[in-house]
Amino acid sequence: MKITVLYFARIKEAVNYSTEELDLPNDILTITALKNWLALRGEVWANLFNGKQVVRAAINHNLVDDLAKIQANDEVAFFPPVTGG
Amino acid sequence: MKITVLYFARIKEAVNYSTEELDLPNDILTITALKNWLALRGEVWANLFNGKQVVRAAINHNLVDDLAKIQANDEVAFFPPVTGG
Amino acid sequence: MTVRIQTEDFDVGLLLNQLRLANPGAGALVSFVGQVRDINDGDSISTLTLEHYPGMTESALAAIKAEASTRWDLMDSLIIHRVGTLKPLDQIVLVAVLSAHRGEAFKACEFMMDYLKTQAPFWKKEITPEGARWIDAKLSDDAALKRWNK
Amino acid sequence: MTVRIQTEDFDVGLLLNQLRLANPGAGALVSFVGQVRDINDGDSISTLTLEHYPGMTESALAAIKAEASTRWDLMDSLIIHRVGTLKPLDQIVLVAVLSAHRGEAFKACEFMMDYLKTQAPFWKKEITPEGARWIDAKLSDDAALKRWNK
């Protein structure tokens, strides 16, 4: 299925771009699965998504935990813990 | 001993003045004793100081309870519970 | 550290900016503004008159500020309270607290208001279509104060 | 009920007056202003840049306001948050809550700030003499949030 992925803050700087369109393999159905799949892209990605640092996720503008299910056309965002205010 | 007594808000309106100089009998040494002594002045005073309504007291600008001791030249104030803010 | 009792209105924006800009190490400014409501206990309010005890008021408010400063790490604070005759929508009081972080500023500002409501010698009399009446102290204000007992 | 994300500065005095004067039944206005501190973690700050997630930010802040309104009896509230590059003493955020009585306004304002700090997608990067660094989220903010669990 096709989804849009956005990256913010230090994650955006590390991957060096802010958004991409992805066509996910059939078995990538949750945030955890997507993180593990992205971690296979190379060292930078592995460092971000191997679970050693906290990466928060949102689906369609809602904060979700890693068990959340991804659906076709979702907008998925990855970012560090927020620090506004 | 001589003291100054101030009245505020609805107590001032009831007694119809805001301040007086008093020369207390020797046995009037606490706020309670002063209230009881003032209550002897007549019906208005009895209604205020017979203990049926809450009358707060201050000595020299400090809120005190009724057991507080009065000394010569003190400024004693009587007023209803406060309602600022 | 300012305490003011005055009949004139005050400019909240100006006062908060002064407090804030004088303290570049402060990250958090919490403030309370009290205004005269147009309706109280079901009756419309024409005017609200605030009486106070000159001399004691200033020392009570200074004591409240000093106590807040011993309990929390504050960079500055401000209390301005009006007296005299006000009308609905007039400002009555401003309490503002500046701190490095927000938790202390929120606690100190609410503490100062709870103390002010129960310890500072102000009394309110309102004029309604039914006539004049003194406002009674609220039991809820005494309850609010008790939360701060150490 | 206003939520605004903007690069421009805002006028706290004007905004608080508008909120207050539109609600003559309100007696209590509590507000929080956050400013850029000149020193953070021991280093002087040249600039602070706020990044956010357009679209999600607005909906997160609207959700925070809505949740506060279900928990407390509020007459109005306001959140304004700046993004872009700021310098020390610049205002970052204003949260203001208007209610009939002060207890609810204090609680709701602090609740909204605690939620904003932990749930709204903003990130801060500061420039110091040592270079640029992203600010880490604070454990104390997560702890502050947990107090509000029902």
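Just so it is clear, A, B, C and D label the chains in written order, and each chain counts residues from 1 on its own.
One rule holds in what follows: a contact is a pair of C-beta atoms (placed from the backbone, for glycine too) under 8 Å apart; a residue touches a chain by one contact, two chains touch by 3 or more.
It should be emphasised that the depicted structure is a prediction, and the values quoted were computed from it without experimental measurement.
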Determine the set of chains touching subunit B that also touch subunit C.
none
Counting in whole Å, what is the centre-to-centre distance of subunit B and subunit D, each centre being its mean C-alpha position?
48
In whole angstrom, how far does the Cα centroid of subunit A sit from the Cα centroid of subunit D?
26
Could you give the separation in Å between the centres of subunit A and subunit B, each centre being the mean of its C-alpha atoms?
72
What positions in subunit C touch 2 or more of the other chains?
34, 102, 113
Counting only residues that touch at least 2 other chains, which ones in subunit A make the list?
85
Chains touching one another, given as label pairs in label order
A-D, B-C, C-D
Mind listing the subunit D positions that touch subunit C in their complex?
11-14, 16-17, 20-21, 24-39, 88-89, 91, 100, 102-103, 105-106, 109-110, 113, 140, 144
Considering the complex alone, what residue numbers of subunit C touch subunit B?
34, 50-53, 55-56, 59-60, 81, 92-93, 113, 116-125, 134-138
Could you list, by residue number, the parts of subunit B that touch subunit C in their complex?
6, 8-10, 58, 61-63, 77, 79-85
